[in-house]
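So, here's a batch of structures to check.
Look for subunit A in each of the two complexes below; its partner is subunit B in the first and subunit C in the second.
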Partner chain A sequence: MSLELIIIAIVVAAASGWPGLCLGRASVWSERIAAAMMSAAAVVGLAGVVAGICSDARESSGFPWPAAGNSAIGVDALSAFFLVPVFVIGALGAIYGLGYWPQRLHPGSGRKLRLFWGTLVAAMAVLVVARHAMAFLLGWEMMALSAFFLVGTEDEREECRRAAWLYLVATHVGTLALFALFAAWRHATGSYALQPVASDALGLAQMNTLFLLALVAFGLKAGVMPLHFWLPGAHANAPTHVSAILSGVVLKMGVYGLLRFLSLFPDPPAAWGGMILTLGMISCLLGVAFAIGQHDLKRLLAYHSVENIGIILIGLGLAMLGRSAERPEWIVLGLAGCLLHVWNHGLFKSLLFLAAGSVVHATHTREIDHLGGLSEAMPWTATMFLVGAVAICGLPPLNGFVSELLVYLGLLGTLATHGGSGSAAAVAAPVLAMAGALALACFVKVYGAVFLGSARTEACERAREAPATMKGPMLFLALCCALIGTVPVVVGPLLDRVVATWMSSGYRAHPELSSLVPLRAVTALSLSFVALVVVIALMLERRGRAPSRSVTWDCGYAAPTSRMQYSASSFAQMIVRMFRGIVRPRIHDPAIEGVFPLRGEMHSHIDDAVLDRLLLPAGRAVREWFGMLRGFQQGLAQHYVLYILITVLVMLSMQIPIARVVTRMFER
Partner chain B sequence: MTANLIHVLLLLVMPPLLAGVINKTKAWFGGRVGPPLLQSYYDLIKLARKSMVLSTTTTWVFRAGPVVTLAAVLMAGLLMPLGAFDAPIRFSGDPIFFAYLLGLARFFTTTAALDTGSAFEGMGAAREVTFASLSEPAVFFALLVLARLSGSLTLTGMLHGPMGGFSAATAAPLILVAIGLFVVLLAENCRIPVDDPNTHLELTMIHEVMVLDHSGPLLGVILYGAALKLFIFGALLLHVLAPFQTGVAWADWLVFCAEMLAVAVAIGVVESIMARLLMRRVPYLLTGALLFCGFGFLLLVR
Partner chain C sequence: MTSLFNGLLVIVLVMNLFALGTSRIHALIRIVASQGVLLGIILLLVHRHLTIPAFAVAMAGIAIKGFLIPAIMLRALRQAEIKREIEPLISPLASIMLGAIATAFAILFSGQLPLVDQNDGALLVPTAIATVLVGFIILTTRFKALTQVVGYLVLENGIFVFGMLLIEAMPLVVEMGVLLDLFVGVFVISIIVNHINRAFSSLDTRRLLLLKE
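Coming up: the complex of A and B.
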């Protein structure tokens, strides 16, 4: 039942853009039909997901695939869990698009965007239900190509085209690794089916090769720290609701792939868990360090995705260590934290991107230092962004805290063991804490600079609140964040079921989540915290007399202007300086000379460590070396014939038995 | 039950007294009489009766800041065991809840500061979040040490240590952690050598400058919240420094109050005999605290 519903949803989603192609450019119906079809697909798909989780049976069905035997698709709790964000964000983004990218304002690109939006959502759903390498690759490639066209929606801008090309190159390097992975998988197990292998079927070298290939392929998609270089550009230049689904859902497909693959291996070596954990720590800390120096609102949010993927990987690494050390409680806590953070990040990052999109929509700029004071004109958007900001910092009583709590508890739990990898894993806890504090600094900066204070440019003064089609999706996401945050007991049983699916190969009996984490206590405490805030606010409200208004205190200065505010760059300056060894800011300071210095300018810029400092210079060097060969290619037919002659002569000369000729010469 | 009632009562009533003790100590060092011990209480009562002046640029965030901060700090106070007694609320993982509640308080204090659109307040907020990003991992290293030593994941269990108290063999990591935590206490509560609560130059402040535009009852809420935070950090530090117990309930409460006042005196002494650091040196001090706690953890890893 559940699989049929999901297949219907996939077909409807994939078809959602087609009616629009048949209608004219001016028609407003194309976008409405697309949004309605996406919503219908989401409702049907989510019904299928609920049916799949409730029935507890692992549905699967095969279909013939000429080239590679029978292919198969199926739904289990893990697939169902990842389908939820796909359908939810898919539908919300389509509705948001009605207000953000209306057909009448974007006649050229609107239909294209909706077509690929539909195929992107459908492709991700296919990928998640695939149980066979070919179906998986089909979904993977469709997803990558749809996302490429979505990133390149505004292909008249050069920056946008560059970002799209970079994305295409990166994703295909990943696909290449995936091809290698599946070929090696076929070689090792004898089939393309993604089924668990027996514990003694694979040698250690084989397992390690498969693991490293999977790590590169899925790590590139997920944006793990050294492989994240394509991410900030792509997420910054896509239309904002596309950024939301790229950051919130598409990255998670990499995590899904990794989870699915790791579940197939029996007895993973401890080094795997350690490696994932280390990568997680690096992504977490460096992601936020790079984020804090950004001036572009959407680039900043994109770097935060790297940080959150780091948190997800820390959870996964802990779970893998638990499997190696045979500690079911590490697996349950680590994996539950990892999974819940997948959902949570999908929710709050989409919320933040949608709110940022509403800002971009109103002011036509992504520069944080050109914004300011928007909460006056856009109170709704400002509140939604605040909810997202508190959630992404992992602060109670919102959802980010719950998943981080699970990971922390797992990490602290490793301390109870003596010796081995346990205590080393616990070091991730202070790293996570530092990343949390830096994320807080970063979001205080963004929220303060964009929404608080007074407007820095005219564009902000003219800003107007977003239309209802944009507000609705934001409200829905914010309510989800609040629900998971204040009443985390609701997700406990669901997580238990997914964890059981993932662990099913090795462990029959494992502790339930509720016995390891006091979710009830967190629920009670979060709710009473909200109550406490309300009580204090009411007490103040009743006590306080009507306030009088005046200008902000500036040491008695009577005419403060908006340019006297602390800018976002200044706010981040101390932290950027703390990390200057890694982020390497390029700062151009003005020269101040004389009693009455002239007008000066100050710039600061942060390059991406991998792209701008490693890949691009390497690419230039390779181009230079190959440039030396360019002299041979003059375009003259005579030259080419000459090359052919030389080649033939060289090949003929191979036939000469030189060694024998030489020895004969000396014999004489 | 009685212990919980006394806990809540002490938490609500005692914190402003600490500020009085600190000021008296500083006055004694300076050869002055100083303000009365109960001056902070008088200030709070006075502020509660006053009316507010709000800046024209501010929004609801400005007023929500102190409220959320106070609520978060109060909640954190209910998780912190005082002296020999258990905390009223305790569950596995409450140290993380505790740390993140203080994070929430910081988030709202700093956003409220930025809401005024003043450069001074922006500076204060930037300093606050920057320094916190170094003190936070120090606190977590300290938590790791305590969790490892006690084998417990609740604040009460971690701070009271294993049955029969901490053994002498664990003294070295505990001393390192105590030093680290004392520095964190000074930084988090904006005392000398990190911040000077009595300075009169906006450019050099951290906490005081963030609340420049708050007035009347809101300022009262902020001052009260800051006192509470100092009290909570003091209680945390006392568990590591002086885990003395008599076994008799009323005597234990008395011991706790006396120790808490002693911490206030110690802070007063530090403030009297030290000058504040250059602002750009503060990160080094906090990195030092982080290293102390980190080495405390390393000593335990075998």
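Coming up: the complex of A and C.
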């Protein structure tokens, strides 16, 4: 039953862009039909998910298509869990697109955008329900290509094309690793079916190879720190709701792939968990460090995705360590934290991107230092952004707090064990705390610079609040954040079921989540926190201290402008300097000469550690080497025939035993 | 029998050298046409038991290579109004020298091949290799579109000679397919020749470099 509903949803989603192609460019109906079909697909799909989770049966089915192993598909709790964000964000993004990317204003790209939006959502759903390597690859590749076209929506912009190509290269490197992974999987287990293997079926070397391939393939998609290089550009240059689904859902497909694959292996070595945990810590800390220095609103959010993937991986690493050390409570806490953060990040990051999108929509700039004072013009967007920011910083009473709490409890719980791997894993706790603090600083910077103060440019002064189609999805996401944050009990049983599915191979009884975490206490804590804030606010109100307005101290300059505010860059400078060893900010100062210097310019930027300092120089070097071969490539057919002739002659000559022929010639 | 064979094959080799030596395109086409006819006749002689399909293939080969293709090419030549390969990369004399070296190489090389006894004394393999090499030489040193086509035809003739070794094994369908390919290829190129001539006011294929990105 549930599988049928999900298949219907996939078909409807995939078809959602097609009616628009048949209608004319000018028609407003194409976008409405697409949004309606996406919403219908989401409703049907979510019904299927609920049915799948409630029935508790592992449904599976297949299509008679032998080339893809009868393309076995199935729904279990893990698949169902990942289907939820796919459908929710898929529908909300489509509705948001009505206001953000209307056909009326974008007649050239609107239909393309909606077509690939539908295929992207359908592909992700296929990928999640696939139970066979070929079906999985089909979904994976469709997802990658749809996302490529979505990132390149504004392909008239050079920067956008660059980001799209970079994404395509990165995703295909991942696909290559995935091909290798499935080939090795087939070699090791004898079948392409994604079924758990027996504990003694694989050698350690085989297991490690499979694991490393999976880590590269899925890590590239998830944007784990050294493999994240495609991510900031793609997120910054895509239309904003595309950034939201990229960050909120597409990255999670990497996490899903990793989770699914790891669930198939029995007895993982402890090094796997350690590696995942380390990568998680690196992504977490460096992601936020790079985020702080960004001047581009969407790039900043993109680096925060890296950070949150880090948190997710820390949870997963803890769960893997738990499996190696046979500690069910580590598994439960780590995996529940990981899974819940997958949902939470999908919710609040999408919310942040959508709010950022309505800022971009109103002001047509992504530069943080060109915005300012938007909370007056756009109070709704400002509130929504604030909700998202509080959630991403992991503060109560919102959802980020709950998932991070689970991970913290798990990490600190490892301290209770004597020796062994226990104490090492706890290192991640302070890292996580530090990343949380830095994230808070970062969002204080963003919110302060974008929404508070006074407008820095005319565009900000003229900004208008977003239309209702954009507000609605934001409100829905914000309510979800608040719901999970204040009443986490609602997701407890679901998480228990997914955890049970994940470790079903070989694990007996495991403790329930509610026995390890006082989820009800979280509710009480969150509510009291809210109450405290309200009380403080009321007290301040009572005192009647109206905020006073004045200009910044301006060294006695007579004609200050609104650009002379405390800027986001100056706010971030102190922290950026703390991390300058890794982040390496590049500051171009103007040369100041004489008593009355001329007009000068100062700007600073932060290059990506992997892309700008490693991959691009390496690529240039390779291009130079191959440039030496260019002389052979003149485009003249005669030359190519000559090359063939030379090759043939050389190969034929090698057959002639020259020495023997020569001696025979001189014999007589 | 073998001496008759070898005699005919030597004529094929001489025709190669003649094709290299002439600079008149008209003569070049005629030479290659007669080479094709000669090869068709050799094919008839190779068969020990001549069957009707094999006969049909040989006749089709003679008709297409000896008459149809030359007719098409001469027509294209008339329309393009050119007579000579004016500026070949190397002089006709040097081409002949190269062709001679290639023939010597072919004989030297085929002496090294472990051949079935039945073919040992025959010039079949050296002729095949020499003709292929001559085809390559024409292709690389001439620049007019029509002489390029002639180069391909010579190349194909070489392969055709080689195919005679496998006469018992090679299905007729393959032979027919090769002939069809050749015919279609020449047909298309002859049409294109006209267009190249009109667009670049020359048949020099080096002008096509302008099309490069």
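Here, the second predicted complex is superposed on the first by the 598 of 668 C-alpha atoms of A that agree within 3 Å, B and C clash if a C-alpha of one lies under 4 Å from a C-alpha of the other, contacts with A are read in each partner's own complex, and residues count from 1 in each chain.
Keep in mind that, in the parts below, a contact is a pair of C-beta atoms (placed from the backbone, for glycine too) under 8 Å apart; a residue touches a chain by one contact, two chains touch by 3 or more.
These numbers come from a predicted model, not from an experiment.
When the two structures are aligned on the shared chain, A:410 is found in touch with neither subunit B nor subunit C. With both structures placed on the common chain, the touch criterion links A:525 to subunit B but leaves subunit C unconnected.
Of the two partner chains placed around the shared chain by superposition, subunit B is the only one that A:438 touches, whereas subunit C remains out of contact. Touch criterion met: A:536 reaches subunit B, while subunit C stays clear of it. By the touch criterion defined above, A:573 lies against subunit B but remains apart from subunit C after alignment on the C-alpha atoms of chain A. In the superposed model, A:550 lies in contact with subunit B only, and not with subunit C. Of the two partner chains placed around the shared chain by superposition, neither subunit B nor subunit C is touched by A:45. After superposition on the shared chain, subunit A has more residues touched by B, the comparison being subunit B against subunit C. Once the two complexes are laid over each other on the shared chain, residue contacts for A:564 go to subunit B alone; subunit C is not touched. Contact residues on subunit A toward subunit B in their complex (touch as defined above): 372-373, 375-376, 379, 382, 386, 389-390, 393-396, 401, 404-405, 408-409, 412-413, 415-416, 418-419, 423-424, 426-427, 429-434, 436-438, 440-441, 443-445, 447-449, 452-454, 516-518, 521-522, 525, 528-529, 532-533, 536-537, 540, 543-555, 560, 562, 564-566, 570-575, 578. Across the complex, subunit C is touched by residues 634-639, 641-642, 644-645, 648-649, 652-653, 655-657, 661 of subunit A. If you check the complex, the residues on subunit C that touch subunit A are 89, 105, 108-109, 112-113, 129, 133, 136-137, 139-141, 143, 148, 205-206, 208-209, 212. Per the touch definition, subunit B reaches subunit A in the complex via residues 48, 51-59, 61, 63-64, 67-68, 70-72, 74-75, 89, 91-94, 96-97, 99-101, 103-104, 106-107, 110-111, 114-123, 125-127, 129-130, 132-134, 136-141, 143-144, 147-148, 151, 153, 202, 212-213, 216-218, 221, 283, 294, 297, 300-302.
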